[in-house]
Structures are given as C-alpha cells and as structure tokens.
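Shared chain: chain A. Partners: chain B in the first complex, chain C in the second.
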Partner chain A sequence: MSPSSRIPPLLQPCIRLPKDKSILLVTSTLGASANWLIIRFICDALSSTAKDGGLSDEINTLGEGGVNIILVSWMQEWEFWKQEARKGGGLDLDRAKREGRMAFVDGLRALFLPDGGEKNENIPVTKTTQTPPVRTLPGGIPARGPAAVPARTTPSASTIPARNLPEQTSASTKQGHYTLCSPDLAHLKSTIQTAVAHLTPTSTSTTTTKTLLILDTPSILLATTPTISPSSLTSLVLTLHTTLPHILVHSHADDPLLSLSTPPQPLELAHHNFVVKVAHMSRRVLSVRVLDTGVARDVSGVLRVTENKVGLGDLRVKGKEEEEDDGNGGREVLYYVKGDGSVRVFERGGGGDG
Partner chain B sequence: MELRALLTTCAMAFRKRNIALSRGPTDSTTPQPEFSPSAPAPTQLFPGVRPSPIDGRPTTSTGTLSLDGILAGHAGLPLGHSIIIEESGTTDYAGALLRFYAAEGVVQGHKVHVVGMGEFWGRELPGIAEAKNDKRKEGKERAEKMKIAWRYEGLGQFESARGSPATSRTAAQVSTGASDEPSVFCHTFDLAKRLTLPVGTAINYIPLPRTLSGSPFPPILQNIQHQLSSTPAHTIHRLVMPSLLSPALYPPLASQPSSVLQFLHALRALLRRYPTRLTAVLTLPLTLYPRSAGLVRWIEILSDGVLELSPFPHDHMQSLSTLAGTTKDEERPQGMLAVHKLPVFHEKGGGGGGEDLGEDLAFTLSRRKFVIAKFSLPPLEGDREAQEEAAVAHSAGKMPSKKDLEF
Partner chain C sequence: MTYTAHGLDFEAIGWTALYTSPSLVRHLIAEDGTLPDWLIEYRQSKLEPVPFGDRRNITFVPRAKDCTKWIKNNCPTGIRKRVPEIRLPKKRSMPRPLTIAQYQGHALHLLSRVLNIRLNASPFTLIVDDLSQRATPLTSEIMRRALSRNINVVVVAFEAADVDPAIHYIPAYGGITGAQLLEKIEVAMSERQESLVVVDSLYDLVNATDIDMGVLFDLVATRFASTLVGIYHQDILADQYPENAYAPQHLEYFQYLATTIFTCKSLAHVLAAKAASERSLAEPTFGLLQGAEGVVQCLDANDHRGIVFTAEFRRKSGRPESETFFLRETLISDYNEPLPLMRVGTLKQEFAVLIDQVPAYANEVVISLVKSAADAVESNQATDDLIESTFNLSITDKQKEARDGVILPYFDAQTANGGEGGRILYDMSMEDDFDEEEDEI
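Up next is the complex of A and B:
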C-alpha cells in the first residue's frame, strides 16, 4: 500500500503542493490539532515520486523528483513525528532521513532547557543556578553537553568530558537531525541552511528536487521571546522562501490569540500580527477547528481550505475560478482521526466516505 | 521458573519501598489485601506504572480513579505528559486533585517534587482510606459490573467513576494477562486522614526563589533535571505545581510570557526527554488568569492536558440539592468539569478512546473520593410550585384542579 493511497481523496488536492513557489498556512486550535494534517503533507511530499500528475494541474507533470522535507518543530519531538508518520502514512521517516530526503530540526528539546544532565551524575545543581534566565543569552547559545553553561568560554578539547564524545559522534552519524538551542532567529536561519545543505547533495541524482520547509509553531518564538518582532519572523520566512520553494507554516489560531483582549497584550498583538501577515502571504490557508456544534463521536473537527487566488501577482483567472471553485470563502470538509492513526475526510452529511 | 524468580525479587524490592502503604495514619488494624505488595506483572516493572490499554504506552495513576477514567481511554496519565487543571473562583478543588496525585506518588514510591510549597503541604497529604467501609459498596458494584464482559470493562473505564479499587483490578488483569493479585494502580485516599510519609526524602520541596529581577523558573528546572539524572532509571518522578503564577507564591515577573512560557516549553522538553519517568500536574487560578487571555492559551497549548473546574456557586448548589431528588448513594455535584485537551489524544488529532469527550461532566468531592461523572439534570419531580402554577393557570381555563382529581 503506497503511502499516498492512505490519503483520502478529498484531502488530496488540499495537500498537493502548488506548481510554483508558495507559502502555505495551516492553523489549528486547542481542541483540534493539525499534526495529522502535517503528517499528510509529509507523506504526500515524500511519496510524490511515484505519483502521476493525475487530474490536477499541479506538480509532477514533468516527472520530476520527489519533494524533500525539512521539518522544524517547536512543539513535538522527532519520536512523535516518526510514530505518527508510520501509523498514519505508513512511512519510515528514519529511512527518509538516512536517504537525505528529510531533515529534522528539533526546536523543543534544548530551546529553553540546557541540554545534557541525563547521562552524567556529577553535575552540581549550584553550577547552573547561577545562570540567569536562559532566554536572553544572545551569544551564549548553550552548546550541547553538560558542561555547557559554565564552560562557555571556549572549552578546550581536553576539558570536554569523555562522556561528551559519544554524543558528538552520534550527532554526526545522526544525519539530518539538528537541534535548536536558542530562540535566536539567526541561529534558526543558519540551522535551516545547514539542513538544506544536508538535503541537496544526496538528491541531485535525476531531476530538480523541490524542498518543502515545514515550520511547526514558529510563533512560540514570539510568545517566549519578546525581543523577536513578528515582522522579523515573517521576513525570515520570506528570506527562506527565496531559496526554498515551498514553506508550510503551522500556527495556532485560537480566539484568545487572535482577538485581542481589551488592553491588548503584547503577546496577543505579536501573534495576531504574525498570523495575519503569513495568511496574506500564503497561497493556501488550511485551518482546522473543532465542530461548532460540540463534540461528536465520529467527527474530530472541521477542515477549511481557502485558496488565495489573488495572491502574488497572478490575477488572471480570478473570475473564472471563483465560479467553479467555491469562491474565496473556501470549502469545508469534516475529518475524523481514528485511533489507529488513519483519517477519514468527508463532506458534511456524507459520513460514509472512506 | 526464571520469571517467577524475577517476580519474587521484584516483589521484595517493592516491599521496602512501600513503607507508606501499610501504615495508615490511624491504627489500621487490618492491613488491606490490596495494599500488600504483590508481584508485578512482567510488563509492569515499576510500581504504579501500567501499559495503556489503547497503545501500550506506560501510564501512571493520577490518584483519582475517575480522572484516570476520562483520560481518553489510557486509564491513566501517560508518562512524559502533563496536565494543567484550571479552576475559577476561590475554591480549591484542583488542589484536592493535586494532593491525590502527590499522595499516589508517595504511596507508589515515586519521587514527588512540589514547587513553591513548604513541608506543611506534604504533611497534609491525604492518607489511604480504609477499605473496610467500602467493601459493601464494592461488592454491590462488582455485582452490577458482572453484567458487562469484564474484558471490555478495562478498556473503557469511563463508567468506573465510582472510586472503588475493583475497576483498577480488572483493568490490570486485562493488561497483564491473568495475574492473581495485581498491585494497586490507583489508591483511594481519605482527606480526613494524613499520609505518613516514609522515612527519607519522598517529597522534594523546590522553593521559589524570591528574586525580583529575573525569572524564578530556571532553578526549578535545574533542580528537577538534577534529580532526574541522579536517580536510577526506574524511578518515576512526579512534578506538582500548585497555583501556578499565583501572586501569593510567585514573584510578579513570573507571569511575564517570557518567563512562564519559556518554563513551560522547557518543561515540555523535559517531559519528552524522559518519556518514561516524569509526569507533571499543574493548577492555575483562572480568576487571576482568564482563559480569554493569550497567555493562558499559550499555557494550555504547551500543556498536554487541560481540564477546567467550574465550581457551582454555593446557593446554586443548595437549590440543586433540594430539587435534585438525589438518592443516598449519589452526592450532588459540586461543579462542572470541562475537558479542553487530553494527553496523547489531542496531539494526534483526536480519535481513539475519546468517545466520552462531548459529555457534560460534573465533579463531586467527598471525603474519600473525587468523582467525575456525567452531569445530568435531575428530573423535575420536586418542582411543585411550577406544577401548581401551571394548574392554576389551567384551572382558569376550566381545568379540574388537583384536589378535584384526588379520590
């Protein structure tokens, strides 16, 4: 069973990458996570070599190579994505990573938590208590390894404990796995660029390969680090977009984050700002929310897909497509994520669809 | 043979740790059979941990049976995950849940970390309830459970909101095959008793630094991280954070997004880094930090489970009690419990085990248990005034009054 055949037909056109360069936005709410949707994007992209163009006029008309993926996740660890992709898409992400088709940037593990400590017993607590909040260390990116913070002043190779070595080597053997250890945007950018460098040499084989960059909840940077402004984050997205043809941004779009409270909090303003900006830049917006009518047994939530037809200069076919598509209001389908990880997508009232 | 030897050694190992079990605060003359350390099943190597009936991931009990029951079918809190319990108003029902969680940890020999509270908090943990009084009820319940195939009983656990250890027993049997005497996964605690803490450091009290300049959270993380790395790999840790961001405990700067959200993100990282050793339960006063605020939403996003307690105002409770026509067994609910997010279930996108999610849930706290059950409006049998009013209105329209109908 090919991974793409696990994607419901109704979902297929929504997660197929557009032919030309694009930014996509996926939004989710508290009760309706979009992780399953991101998994479908990954599965579709990674399996797109075997796919024929089909009825849509989207990619793959030239039989080009597949799509490589860089996944930057601030909310979930690699293990989670691996499990979910295996269950939901029948895909081995570890293999994809080994083959150089996928890179993972871990923004959860060490972003605000000094790394190390689990393997060594002899790190005194007092050593690290003197560190001020880890957040504001612009230059002081804590290096991997337990002796990170105190030994920031260029530890010579001899001072690095021996236990550090296996970790280092495992990091190098673990191709395509990167860890963010600071919310700094420049650090993020350089890490992503390293990840891109990891992908491209292995995939130059046949034809041009596209790359899809998935940013899972970058807005956490805005929330946790007030010094980062939403415009600098969006401009980073745009900068990355110049080299990476497809960028998928996942962001939370709960009401408290979008509709400002009466004295608007900087946190809410920043988030609102960011989401609206990205939404305007995006070619397609996929938003996931819970049912308005409450929880149902066989519906997990609503997926709303809005194509931004007038975006980025192609104003040509606006009128025509509005007729045959559902206009700018987008279309809505219901979905149900089953316990085994598979997903059912169906129209309202059409619960029988597979 | 080997297996048996392993089991007995395990049992011996646990015997030492379970000091708190046999010593009831009052002189419990009859040691209850459930609390005697028993041989754990092969899959259940550590005390207080059992595999989820859904996907086999290790879970641990929250100390409240009916709370375990609503956690999307996992019948426990999956290790490596956290729950935040929000409560509005001035009541402290969430604190009761927190105490049960901590007490369960102490009883199971887990390492409990309490943030921001002194030793008095630990001394007030509820003790294990004596099973004697529950026996009658338990027997009755078991009888009615016989109607359901016991095999399925363990899977759902949604109906097991009555706080008897019997259900955890059946669930353990399901998950472990046929062991005669499975260890207790979730104990029943009595708020009127006090847990006798075992000698040594069962509870690690993490003080909040009284700094006015920086975030108080990094030392907390370092403390837990140190504890995690310095204990053997089979020690389960529980992090308890009462009244997060409450100004009574936390310095003003703590509620800056940069400090609290960074902390929660780091805590999430820590939980994921130790996916088989750490759980956390936090409570948040909603009156100070309403859910409509962006900060609270981020806190919820960063937590794995979000529960909201809305206690009924006092007078409402009174009126409900008069109208409810509740039976003796059924206590009147004291508030509503809303489930906004569940560990594991929601990060997958929903599906699988969350069948009960849409129900209105109400909670009742009594001395011995915290029961979460479906909320249903009582029948309006006692609504005499409304009936009489209706009768009067009708009698104007030549309807026979009530008295005329009586023989």
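Up next is the complex of A and C:
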C-alpha cells in the first residue's frame, strides 16, 4: 500500500502544507491523541516525491523535491514513532532517516528517563520509567499520560545531562538521530540546526529545500523548566522559522491546562499563553478532541480545522479572478482510528465507509 | 478696523505727534467750533460699544422669581400650587448630526482619518483582538493605506516571521533588549519624515523587553510626530506577580493611553449575537469560552467576508465617540495602479462602512435567521406536545366552531338594558338531560 493512499481524501486539504511559510498548530486532549495526525503529516511530506496523489501542486512545481522532516519529540520515543508510522502510514522511518529525508531529535530519553536510555532501547521504556509506558490500545488510540506527569521528574532532569554527555556524542554518530541532553533552549536550537544540516536537499534543481519541523509538545518544557517562559519558547519557534519554512507545533489543549483555577497557577498561565500565542501566530489550527456527546464505538473524535489566511504585514489583495474560497475557513470532521492504525475520516452523519 | 474718510487713514496717523502739538489739526475745526460731519460720525462709531454677542437674546432664568416664595405663608385654599417656573428648552451640549447621512458621513470621516494615518488623527491606536477575530486584516489595511500615502511603515514583530518587503521589519523576538529595540526603531523611523510603527504584540513588548510604553510613545508620537499602532491579544492572560499586585493590568494601561481603540469581532459572531438579542436570548459565547474541551478556535473565526470592529475615538476635546464598523475584504479594484517605486497605489474610495449599512446585518439574513430559529423552536414545541402527552390535547374544527359560538355571560350583560343579569344562558341540545333538582340548589 502506498503511503499516500493512507491519507483519507477529506483529510488531504487539512494536512497539505500551505504554499508560503507557515506555522501550524495541532492541539489534542488526553482522550483524543493527535499522534495519528502527525503521522499523516509525516506521511504526506515524505511521500510527496511519489508522483501519484497526495502532494500539493506547489511542491510539484518545485521539481521532484519532497519535504524533509525534523521531528522533535518530548513525549514519545523514536521507537514509538517508527511503529506508528509503519502501522498508520506504511512508512519506514528508519530508511527515511538513512536517506537523509528525516531527522529525529529525542527530547525524552536523556531529559526525563531515569536511566537516560543507556540500556537497550526497547526494554527499559516500559520497565523503569516514571512516565507512563507508551502502548497502543486495541482501539488504535495510544494511551498517554497527561502533560503534567513528567513534571515530577524535574529533579532528575537537572542531574542527568551531566552524566549523559557521552551518550549524545554517540547518538549523533547514528545517522539523523540526536538527543537533547539539556532543557536549555539554546541547546535545542543548536541541535535542530545540526539536524537541518544533516538533511540532504531533496532536489538538485532548486536551492530552497522544503523542511517541515515538527515540535511535539514543546510545552512540556514550560512545566519542567520554570525558567522558560512562553514567550521565549515562541521566540525560538520564530527564530527557527526564519530558516525553516514550515513548523508544526503540537500542544495539549486540555481544560486543566488552559482554563485557570483561582488563584491562577503559573503553569496554567504559561501553558495558556503559549497555546494562545502560537494559535495567534499560526496559519492553521487543527484541534483534536473527543466527541462532545460522549464515547462512541465507531468514532474516535472530532477534528476541527480553522484557518487564518491573512498574516500580519501581508499586503497582497485579492483580485476578483482568484476565487479559491473553500468555505468560511473552519470545518469539522469526525475520525476513527482503527485497530490496525488506519484512519477513517468522515463528515458528521456520514458514518459509512469513507 | 481702519476708518478712512476724506482720504485720511486714521491708523496711519502718528497720534503721539498729534497730542503733543494739537495745532496741527486745528484747521480741521471750523471757526464756529462745529466739527465736520465725518468727524462726528467717526467719533460716534468709536464711542459706541461694540455689541458683545447678542445680549438681547439672553434671558436669565431665576431659580425663584422672588424671595417671597421662600417664605411659607398660609394660603387660604389650603392647596398651594407651585407656580410653574419658566424653563428654557434644554440646551444641547454638542451639536448632533441631523440626518442619518450626516451621521454616517461624520463617523466614516473619523474612521478614515485614523485608517489613513492622517497627521495627528490618532497618535496611538490600540487594536484589541482575540483568536476569534485576529487584527491582521485591519492592520494590513492600515499598512496598505500608509504605504499608498508614502509613509514609512515599521513593524516591530514579536509574532510575525515574515512581512512584505515594502515594510521595514524589526524582529523583536530572540532575546533583544529594550534599549536595542528602541534604537532600531529610532533608526528605522529617521529614514523618512512620517512613519507608522506597528507593534504586533504589546503584551510581549512590555513583558519580554521591558520597554516602558510611555518611552515608546514619546519616541514615536512626540519626537517623530508619527503614528503608533499596537495590537493586544485579549486572550493572553497577564502574569500576576505579587510585587505588582496593585499596578493596573497592561490592557487597562494601554486603554488609558490610547487615542483610538479598535476592538475586533468576527462578522459571523456579530450576526449570531444580533440574532440572539432580537429573540431576547443570551448571547452566544465563542472560542475558548465555548466550554468544549480541546477547542482552541471557533469554527467561524476570522470571517473571510471582512472584519467588524468597534472603534472608540477620543477626540482632542476629550469627547469620546464610539461606533461599530465593518471593513470588508480588500480587493485589487479598491486601489489604483501603483506608481513606479510604490508598493501600493492610492485608495480609490473609502470602503469601510458602519455596521448598520451592512446588508447582512441590517436585514434579511438576520431576520431569516431569527425566523428559522423561531420556527425551529415552535416546531420543537409542537412535536413535543405530540410526543410527550398521552392525551389528545388538540381539537377538531367542529369542536372549535362550537367553542367560538358560545356566548359568554358578560357579552349579554353589555346589551342596552343590561341583559338578563347573571343568568346562565344555555341552549339545551338533544342529548342534554334537564335535571330539575340540580337547578333548585
């Protein structure tokens, strides 16, 4: 099965990258994980070298160049993403990494796992961590702990980096695999920049290489490192954005993180401000949440897509001739993640095979 | 006023010389001591006091006519009626426009002065937005108009990563200090005589770089006589530090400083709110307030038709004026062809309108929305009756006719001779069984 056929047609316009530079925001809740959506983004980006459907016209005009991917993950490991991509998207991420199409920055092992990931990769994750083990339920929805859970490991975060430095050097020898060993933003920035350097240009004809940077739950840094403010995090996103045309930020939007208790707690404030600010900066917001009416057997959740078309300082005006309006920007679809990792996306009421 | 007669210019006369030697003008007076006519005329005109205003029209209204009214005296009738005091018609403090056209013209004039960055129209414009409606269509339009008038546009960006090349872009993210930022702004502004400085997040300006708003305002508005436009996202929550618990919130401070405040709303939300208020329903809430977990932005946010904003103009006189406007999406046809070396041509015609002039707001759409909502409610009620009741509560046409035919007693009592009193009027029908005993009770 070709990877692009794994993307349902209704989802296609939502995950197609916009023509110009853009920041995208994906939000999820505890009950409705957005990992499947991120996999579809990776899928679309990596598969866009193939000539058949699933690629935006803009990328086609740039020659055969696809989109390179840098995945920075604070909540999941490489193993998880590899399996999810194989299951959901039919992708071999290891091969993509070897080919220089993809780079992975691990923000979990060295920062938050007690053993720093020195042992064999597969075993310790479920055995010794304080973070909840990453498993995929039969329903296909990965179970995951709330964002606040790794906060408990904060003391270890400060002690681990020191003894973990050799690990990083060994990790960087592995092609396209990088490990964050400090929650420091400057370190994150330099790591991502080395990762960019690792990626091979996708096409020889064009000078501009399209790269999609996926930041999976950077908001965890707000919880684990109180010195990092939301605005410093968003400045980092913007600084990276000057060199990387597309940035996808995945963040949690659970009520306890967004709505304030009285008196407001610093983490609530920081998380709320981070999500709102990225939403203000982003061109498209994709929110995944559970069904409002409760749990259903054949619906995993609701995906809401809203667009902000006009950027600040965007002086282009619309002529009468270019009428490419796709409704009023926002729309909602239902999705169902099956046990085998495939996803069905359909309109409300359209529960048939889609 | 110069008074000239007989070729004499009285202003040109050296009066000091005249007073010291009056013999100079002795010849003007005749032998018999009479003055020439023109001199008398001149003296009259000088002596007559210049009427100050039109005093005859001013009537003083005493609070009480005379002091006698203050003293109670027993009046023989026992009822003391207050003598109505003469009141002038209430003098209106400000002239109000007479017709709707004048009123619209006035409001749009105020708005287009601000949008077009006219000199001194509004030195500091505050734009308050949120995720439901971002300020970007409004700021883009302001920048476009500024560029069309060849004004230097400087963007201090905390959120925008790239802007149009015609705009002077100052990235303010990434650890720049306040002093450096001010210096950059100053350099950027000194290029041209008139500038427009846009700050895309005032919250970050104050929080991240520690620039005092007063300093920036002083730099932009006072030293360069330019315009400052700042965006404040309403949904970003201010930090609460214990050490500044008594300090005003940033937003309040900005609102205090601003000379014009725009508050952005999505057109779809304004329409929905109007439909709700016409049915006296509670206004719907949007966005983060919606209450559904995981919802960041509402579906009809950033309406592509245009942007609705409430503007509060603070005039120099201190008088605030507030109106709600609608700015539709800009089209190429709104601007003339740009001249060479210019990014934007001149604006053809002001296309912002008052919200009342928007057809969707003023009439049919809203009314149809209201109607459909009402129909939905009514049909719900009708079906509810059918479903929830085990009794048949409806009546047939024949039953209805019979009910209408009943003459109630009070109709009879209203006839000329008083009718037949409280007698029960009843026509026996076939199946009725007259019961004597019952009637006797």
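In the analysis below, the second predicted complex is superposed on the first by the 252 of 354 C-alpha atoms of A that agree within 3 Å, B and C clash if a C-alpha of one lies under 4 Å from a C-alpha of the other, contacts with A are read in each partner's own complex, and residues count from 1 in each chain.
The rule we apply is simple: a contact is a pair of C-beta atoms (placed from the backbone, for glycine too) under 8 Å apart; a residue touches a chain by one contact, two chains touch by 3 or more.
Please read all numbers here as calculations on a predicted model, not as lab measurements.
In the overlaid three-chain picture, which partner chain does A:T242 touch, first (chain B) or second (chain C), both, or neither?
In the superposed model, A:T242 contacts chain C only, not chain B.
Does the superposition put A:Q76 against chain B (first), chain C (second), both, or neither?
First partner only, chain B.
Look at A:R304 in the shared chain and tell me whether it touches chain B only, chain C only, both, or neither; answer first, second, both or neither.
Second partner only.
May I ask you to decide whether A:Q12 touches chain B, chain C, both, or neither, giving the answer as first, second, both or neither?
In the superposition, A:Q12 touches no partner, neither chain B nor chain C.
Classify the contacts of A:E332 with the two partner chains as first (chain B alone), second (chain C alone), both, or neither.
Second partner only.
Determine, under the contact definition given at the top, whether A:S182 touches first (chain B), second (chain C), both, or neither.
The answer is neither, since A:S182 touches no partner chain.
After lining up the shared chain so the two structures overlap, which partner does A:N68 touch, if you call chain B first and chain C second: first, second, both or neither?
So A:N68 meets neither chain B nor chain C here.
For A:D292 in the superposed arrangement: first (chain B), second (chain C), both or neither?
Second partner only, chain C.
I'd like to know which partner A:H280 touches here: chain B for first, chain C for second, both or neither.
Only chain C is touched by A:H280; chain B is not.
So which positions on chain A get touched by both chain B and chain C?
32, 254-255
Please name which positions on chain C make contact with chain A in the complex.
131, 134, 136-137, 139-140, 143-144, 147, 155, 157-164, 166-167, 169, 171, 173-175, 198, 200-201, 204, 207-208, 233, 235-237, 239-240, 268, 288, 292-304, 329-335, 343-344
How about chain B: which of its residues touch chain A in the complex?
Residue positions touching the partner: 54, 214-215, 217-219, 221-223, 225-226, 228-230, 257-259, 261-263, 265-266, 268-270, 272-275, 291-298, 300-301, 306, 340-341, 346-353, 355, 357-358.
Which stretch or stretches of chain A touch chain C in the complex?
Listed in rising order, the residues are 21, 23, 25, 27-29, 32, 229, 231-232, 234-236, 238-239, 241-242, 253-255, 258-260, 263-264, 269, 272-273, 275-277, 279-281, 285, 287-290, 292, 304, 306-320, 325, 328-332.
Which chain A residues qualify as touching chain B in the complex?
It comes out as residues 30-37, 74-77, 79-80, 84, 108-114, 117-121, 123-125, 128-129, 131-135, 220, 223-226, 252, 254-257, 261, 265-268, 271, 294-297, 300-301, 335-341, 343.
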